[in-house]
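My structure is below; once you've seen it, I'll send some questions.
Just so it is clear, A, B and C label the chains in written order, and each chain counts residues from 1 on its own.
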């Protein structure tokens, strides 16, 4: 039995990728959950917002690269990120003015708001395609690895390689910073607290003199920022493709609901529940099994589910939560 | 004075529908005259299928206010029926693996039923453990039976078959089966997601759609996956072009009318499909209108308009919602089966949520939520615009780009014109929702 | 002229009027209580004073200033505080944050006011880091009153503050309300527990079908045999 090598294999193929993916999902789910708690609808345009934001970041990255600007060992996209956030947030504010504001005024039912967000989804989808097309784009530059397989072997002498890509480290570090900043904002600042108050009890918030337009505007700005960051991190870690981002909507919604929709802590926990289940269930465990049980060669790959069914994992978890605990792991809102 | 104006608006209301349908017919005729009759009939046939999908979605959204974000899944599931029902069976496939697959599914069913039973009878910590254990053991037994069966089937003549094949029954039989498949899936999803807050159904259906398409793409033993199934038989009485062209009687008749026999044969086939679709739509429309006007339909609308008071009057809202959701999905599945019969092939990778879920929603809303005639008009009109926006996009963009100096940017503009239709659809949806939420042919 | 004067208020939510020429006046530092049978329009009258209802007729003045056309938010700025009957706290926010949100429209330092609230409701000081949603019913009502006091209102309006709390807690709440009134704040309150409320009231209004039926001091109303028989159950 080769416990160490098995542990390395699990870390390499499950823990590291799932942590990075979970951080990306968590950031996406935070955006969905914020819109849900302030504007009280499920935003179907969120995946395409992520795609749009990432598209802008890629264009600016290319611009920087053409000008010869780089960020040393870090990806140039990180330099472009603030600009992408500004543009995406501006688009969010514009969309709210032109589209959503009216439905708030007439107090439309949440399901009508969802339908409206489908219209916005089409538009965002078109904008992204105009901007950057439908093809797969890799835009990560800078150092590729923090630890590569060869260094790892020389360092430890273990047979099993371990690689840690810089994009994975960047994802996790950025996500921690962003989540920290968001929670600081919501918990400590006057505006952040007013957003929580608005989410808790809209009527009482109005009575207390909290300006709803300001709360909504700030929410869209934050959502635009979260979507751009989540999308860029996902794109750096894997690659950018507009349609993939639309498909991310399902695991993102699943994360938000599993954690308890409307609850930011829940969104983060949900992101990791979904990512670890998805990666764990679609990973071929053959290698780990061979390390752990000597003298036994499994016939198949010992893969519970083909990777093509990764969305089925999100879906199944979503369904289980809906059946057994509709308010989610952390108590969310039911509006 | 006021009475005559009322009469006028009433007449306007009565004339509204015929007027819009006449306009639609004119657009199709225009397409026939300016482009080709083949393309005109092609748009019309696909438009009619879209109209059926819209009828199904309208039952859910229009009658009951349920947001189905997974119409694509039901379309695709319905499309599986012609493959399983009307394709000839693959020689030896059933013997090699079909039995194994049936046993595997029996195991899965038993495991799930057993788990549910344990969940209901046991209590406390033992319950969780027992349920998990039964499901895990069930899963491994399932895979243990299932995997070799699949391997056996996929080994049979992989270049042409490699799947179970069908039952070899008439294609028309497969259409209601498609509806049943979709209804079954809808029942499962509805049972879970209905009764919770309204957008959970949307998210659950979004999920089931992705999974159905993933299954169709990956389960080769079922439908050859991305290898596609070709040559799916046509429904009675639609002929094959080649038969017509080889028939002297047909050729001489076409020549007598001054039509090229090859073109005549494709037109005849399309017309035959058209006839069949019109019959199906007629029947569906008749049933839908009857249902809408029945006490059941009135109750549905009462629930949609005020769920709380309907529930207070003792209506079981969730159960009614489940009924309408299953019915609507069955209609969508029927359209899915018909579409595969029209195409003659199953290409799982062609299922795109924008086209088969969200575009259908646009059709329903533009046509008029809750209005059956509106859904048909919406289906035809939006499909027409969707197809034409793809054609016009490059022209419009070329015009817009003409002042731009030649170069990469101009090329980028022209290349991206193909995506124009997304913008058009989003724009139409938002404008209708905002300024004319009752649609072109409002519900009466 | 009284501090609050709401004269001849007529109006309702839809077509039918709920209030018919209803008049409510409160002097500075006075406790006024609105009682009456179910559906008499008690809460509606209070909402009309606070501007949550469009009046067809009548005027509302506060300290001599006509506020009939102002929104509820603007009336808060003019010195009105309102405690709704239900959903009157921010459940996932701490007690301290609830009070802070109460002071949202204030730009000056509100720490002193918060200390005053804590002196009035000592239990809130102990629980100030706890979420309001986790408190007991009576404590939640204290948070709700405290939140409304954070704007330093001149007139505090309470919509059935003792609904759903035990008799002991009710007595305690009434004691606190008297204390608030002693600081010079006028109180206008709707109450189901008519007898107990009238005992602490300087002035009582008995509403029936949106009209003033009896108006007198609390004591006088309690002593009136007609009022006792019809509204206080003997």
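Observations on the model:
The rule is simple: a contact is a pair of C-beta atoms (placed from the backbone, for glycine too) under 8 Å apart; a residue touches a chain by one contact, two chains touch by 3 or more.
What you are looking at is a predicted structure, and each value in this text was computed from that prediction instead of being measured.
If you sketch which chains touch which, the chains link end to end in a single open path, with no loop closing it. Here the chain at the heart of the shown protein, by mean C-alpha position, is A. In whole angstrom, the spacing between the mean C-alpha positions of chain A and chain B is 31. If you average the CA atoms of chain B and of chain C, the two centres end up 58 Å from each other. Mean C-alpha positions place chain A and chain C at a centre distance of 46 Å.
Residue positions of chain A touching 2 or more other chains: none.
Partner chain B is touched in their complex by these residues of chain A: 41-42, 44, 99, 102, 109-112, 114-116, 118-127, 129-130, 133-134, 246-247, 249-250, 253-254, 257, 300, 304, 306, 308-309, 311-312, 314-315, 318-319, 322-323, 326, 334-335. By the touch rule above, chain C contacts chain A in their complex via residues 72-73, 76-77, 82, 84, 87-93, 97, 100-102, 104-105, 147, 151. Those residues of chain A that touch chain C in the complex are listed here as 190, 193-194, 196-197, 200-201, 203-210.
Looking at the complex, you find that chain B touches chain A at residues 65, 67, 69, 139, 147, 192-193, 196-200, 202-204, 206-208, 210-211, 214, 217-218, 353-354, 358, 361, 365, 415-416, 419-420, 422-423, 425-427, 429-430, 433-434.
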